[in-house]
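The structure's right below; bear with me while I get my questions together.
Letters A, B, C, D, E and F mark the chains in the order given here, with residues in each chain numbered from 1 onward.
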Amino acid sequence: MDSIIDGVSHFRSVVFPEQRSLYRKLAHHGQQPKALVISCADSRVVPEIITQSGPGEMFVCRNAGNIVPPFSQVNGGVSSAIEYAVVGLGVNDIVVCGHSDCGAMKALLKPEALKDMPNVAAWLRHAESARHVLREAYSLLPEAEAARVLAMENVVAQLNHLRSHPSVAAKLAAGQLNLHGWFFDLENGHILALDGETGKFLPVGDKNQTLQVAVRGMRRVVADPCCAQHAHHVTAAE
Amino acid sequence: MDSIIDGVSHFRSVVFPEQRSLYRKLAHHGQQPKALVISCADSRVVPEIITQSGPGEMFVCRNAGNIVPPFSQVNGGVSSAIEYAVVGLGVNDIVVCGHSDCGAMKALLKPEALKDMPNVAAWLRHAESARHVLREAYSLLPEAEAARVLAMENVVAQLNHLRSHPSVAAKLAAGQLNLHGWFFDLENGHILALDGETGKFLPVGDKNQTLQVAVRGMRRVVADPCCAQHAHHVTAAE
Amino acid sequence: MDSIIDGVSHFRSVVFPEQRSLYRKLAHHGQQPKALVISCADSRVVPEIITQSGPGEMFVCRNAGNIVPPFSQVNGGVSSAIEYAVVGLGVNDIVVCGHSDCGAMKALLKPEALKDMPNVAAWLRHAESARHVLREAYSLLPEAEAARVLAMENVVAQLNHLRSHPSVAAKLAAGQLNLHGWFFDLENGHILALDGETGKFLPVGDKNQTLQVAVRGMRRVVADPCCAQHAHHVTAAE
Amino acid sequence: MDSIIDGVSHFRSVVFPEQRSLYRKLAHHGQQPKALVISCADSRVVPEIITQSGPGEMFVCRNAGNIVPPFSQVNGGVSSAIEYAVVGLGVNDIVVCGHSDCGAMKALLKPEALKDMPNVAAWLRHAESARHVLREAYSLLPEAEAARVLAMENVVAQLNHLRSHPSVAAKLAAGQLNLHGWFFDLENGHILALDGETGKFLPVGDKNQTLQVAVRGMRRVVADPCCAQHAHHVTAAE
Amino acid sequence: MDSIIDGVSHFRSVVFPEQRSLYRKLAHHGQQPKALVISCADSRVVPEIITQSGPGEMFVCRNAGNIVPPFSQVNGGVSSAIEYAVVGLGVNDIVVCGHSDCGAMKALLKPEALKDMPNVAAWLRHAESARHVLREAYSLLPEAEAARVLAMENVVAQLNHLRSHPSVAAKLAAGQLNLHGWFFDLENGHILALDGETGKFLPVGDKNQTLQVAVRGMRRVVADPCCAQHAHHVTAAE
Amino acid sequence: MDSIIDGVSHFRSVVFPEQRSLYRKLAHHGQQPKALVISCADSRVVPEIITQSGPGEMFVCRNAGNIVPPFSQVNGGVSSAIEYAVVGLGVNDIVVCGHSDCGAMKALLKPEALKDMPNVAAWLRHAESARHVLREAYSLLPEAEAARVLAMENVVAQLNHLRSHPSVAAKLAAGQLNLHGWFFDLENGHILALDGETGKFLPVGDKNQTLQVAVRGMRRVVADPCCAQHAHHVTAAE
């Protein structure tokens, strides 16, 4: 803990004074983060570092494996963070961020590694979809690639879970929210983002390029016009 | 119960003898249903009647509101039916079928009607997404249309939940499963099906028309090619 | 799905028009089903076929193994269907219907068959009572008979669970509800019904025979008269 | 705590020495209790006092309201006590013992009394059946009698729950277990027992009287003989 | 059951009449127990015997292993007993009492003994902390001592769980509640109590000795004075 | 999202290249974080900023309210993070970090603010202990101080929950883990730490001062010596 304490001391005596007015403003006016970021608890994947964000910019939920449990009758911390960010803070973007060399993904591939970690094993049941997809749809994948592909499919699965949350579903249908699926590559510092239209992960941050969006909110009315038109047609036809 | 007993008597003495060989075959070779149908327990919405199907053709799960709870760590009857149908029986199609004048949907619009039915109220939390979408995206909807639209959005929501089940996600990614979203209109006998591409419900069973599919299974590999290509590119670039 | 679509087309163009007035009446006046039927999702066991019932006659809940989870603090679809049928619709009869060659019962006898179906395995814990009864009370049973007997004992177990639901317990004690336990034999088309008094399954639908009832609702007052009488006696005795 | 400590001191210096050999035997040979007693945590209802039992005689589970949650997929302390007593210790009798002036029953009648006790409120959902029976089947009951009748109906409800436990169901079907439903009247010291045949609570312990049993275990085979006979009959009849 | 019935008869005809006025008072004025005792369901460990207490003195919750599940969103019988005793009855002392030769503790050491008792196995997960402590902190313990030490560490663990209950935490912080950890030794009749200050179990009931307390309630204000003082200091320092 | 994308671009082109060797090492040798930090998802409270830590230094779990649910039979993301950090990564320090102006704490004080956030409301039940302590032990607190004091008492409560986790309890008893309770004051940049001995929050990072520890791991053997000594004494005394 010594170096951490030294860091606290440095923060207090050097860093904070330089940002005193920013913190004062944040303390008095509350937070207005631009996005909710759900990422892994892994010490090497710090959302504020890879996005170069400062205090007040991102509401951050971190857990082992950047998991988003589906909405259910008994929910926990991630569901609460989503609800608080969407309903309470009104964020317009949610990022689910996975990464390479993820311990959770590697454990998912070797269940025996979790013998002494029953909670982690239970928690990773929320990534079962990704594991099943890996098995059914990537049959020829070299073993060395498995953890990396699993981490990407896990982002896809968690985005699906996100859509089961009422607050998210409603804002998507109202065209007020976009969902993003990211993958941080520790080796080369790249962040890939899922492109919902092509279904591929592509690098973020290239010049002159708009951001790929995994699920784009779009004002939609599945029922309305169809019903009206159809009801008319039916009446006429009878 | 008298008319039901009469029906049983009639089935046994008249109907069964005519289909004895079919039932024998089904008893000896087991069932091989073509589809899993998840529909409402409503007595007016009999899947075998509206599809004119006989014994052995459809694996049927029915509950109040044609609900599909999202996959979770503690699952129940619907999740088991899905798993059994997809993994155990290998069905290639799943239909979620809602309907007009649905008591569950009407109760969702009037929560006070559920005061004496706490279980139903809890169960319908799985339709919260549809209710939230109704509120956020259909603000100008006439009240008389609300239950109908809610029933359709509920089908959309339950299809989303279906995708959170590992067995479903895996077969979709392997291109071996299609998901269908139906709406049965009691008034005119029409069945509408959600068209995933246009996001509209359109009548099923018109001549010379292929079936609308809500979610089409498609062999996909979000991670693979991109990674390979990208990894190469990165290495070269460094 | 092609034959199913053809069936839908046939229903809409031929069947529905013949029953248009029935469906209209059902749509405008709501459903008033005579009974709640809880049966297996098995494609070969269609409640409306074996009872020769039409639309509007039976509220139907179907799941793998015709399971009724006991009433508990967190309930799901079956509990909701029971509550809705008893409290909301006021049905006077509930039928739990098992059947021969049931995949769920056979899986219960061979747990290893459920290795890839963890949800089904968890769901069938609700049939553990039947499995334990089979083990303790039928020790000399030939193996070929096991699945059949288990399916019958499972009906007994699920009837027991039914009684743990407050709405059911109350209507039974008020003499306003009867519970029925059925077994459909795919081979010969017979439906057997549990006779609560003799504890045997007997064929339904024989001429000149009243229906066996598994649990007959009976107005009862376990506490009242005894207390009054007893209190009196006690006071006198002191 | 002072009087409790004095009691401990007295137990150790006076009571224990007199029973040293009994405790030694119990310590070395383990417990072999005759019965499992499930009673209220109420300080006035001590099972060992009202049955005048000593150490080693009764396995005792006590909780607010002498509740037995139905068997379910997630169970707690009462379910464990039942399983341990029936499977591990092989008891042949289970007593569920309610009592007069029970705080839990009175709270069930006045839910607002539980405003600051959310856990108790949730726990008492397991007594909902009794409350519903009271409402539906005792409509003319004077208010002063309500708590007493509710306590008796609660014993009936908990006996029903007991039967949903696999270990109990199996031993009942094997004729190796009896269930007893008791009610202790604080005012006059009487213990009433439910008589399963007449459905009444009658005083225990009158001379020359056999004990009333609520549910008598009976070797039974609902399926076997019937099937054999029936199968034969059917084959012959075809 | 015969000897139990004889006991009931004896209680009613001999014991109760002698204590009629006590029971009358308890019936009319309600219970005012001095303490909540949470002990094992073991037939040899009767709280009222080892403390020589009579009716009305102790509110008693008993279950296999004297377990106290931590406070959580879904709680059961033990949590309800705690809440009822602390909030409803206002007890000022809670005793968690373990004992030697405890079947639950021995089962925890030999998980295979629980193969046929899945509920007990699940229940004992609440004693996992004690098992882990045994493994990590008592590495040189002779096997013969394991069950005894585990039972003591289990008392420590359950005291920790007690503190997670809001009603307990609040009364501790208000200095209105003391927690006691006891261990009853069947062999010699001694009761040991955990001394929170030295972290040792010491005999209860020695003459001229005050009672050891495991967790002593103490009016405390972690935040207040510090904040005030600190805020001042900070303002001054800036 | 634009500024976030710009940040990603900057990270990739400027920041990462400077730390390429650090990331390479972390990617190839895995993470070895010094501590697990459990903090609020609040955008203004970035653990890496207030401790001036870089990638690889802290395993971070963030959720609304820096909550640690008690160990239970069904656990989620926080429990998994704890288990992974303690068992899988072997961290020796865990920090629970609250903060001033916390939205979760303010919502806990005004439950009506959570009307549209049922998940958050459920999640904050894990902070009920703190709310109860506030009510019982700080009766004269000015309202303006409530949220601040609640946030500190919440840290105390969550530290208590931490101790219910088996992996934490075991390492504490083995003297291999320390628990820290922090409070970050947004207004002045100070971090206060709970001092377990005095029960006060004191500033961290003052020169020439050792760090306050909330719960210091200490090799302890509650049972052992006492038993040995006591057993001896008892034998001798008999």
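What we mean here is this: a residue touches a chain if its C-beta (ideal position, glycine included) is under 8 Å from a C-beta of that chain, and two chains touch if they have at least 3 such contacts.
The model shown is predicted, which means the values in this text are computed figures rather than measured ones.
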Contact-graph separation of chain A and chain E, given in steps at minimum: 2
Matching chain pair for C-D (criterion: over half of the contact pairs shared, by residue number), options E-F, A-F or B-C: E-F
Rotation in the CA alignment of chain C with chain E, degrees, nearest 5: 120
Chain pair, A-B or A-F, that carries the greater number of C-beta contacts: A-F
Whole-Å separation of chain centres (CA-atom averages), chain D against chain E: 23
Approximate Å spacing (C-alpha centroids) for the pair chain B, chain D: 44
Geometric centre distance via CA averages, chain F-chain C, whole Å: 50
Set of chain D residues in contact with two or more other chains: 69, 73-74, 122, 188, 190
Ordered ring members, chain E first, chain F second: E, F, A, B, C, D
Residues on chain E engaged by chain D in the complex (per definition of touch): 1, 3-13, 15-17, 20, 23-24, 26-27, 30-31, 33-35, 41-46, 48-64, 67, 69, 74-85, 87-88, 93, 100-101, 103-104, 116-120, 122-124, 178, 180, 186-191, 204-207, 211
Chain C partner contacts - residues on chain D that touch it in the complex: 69-74, 122, 125-126, 128-133, 135-138, 141, 145, 148-149, 152-153, 156-157, 160-161, 163-167, 169-171, 173-174, 176, 188, 190, 192, 194, 199-203, 219-227, 230, 234, 238
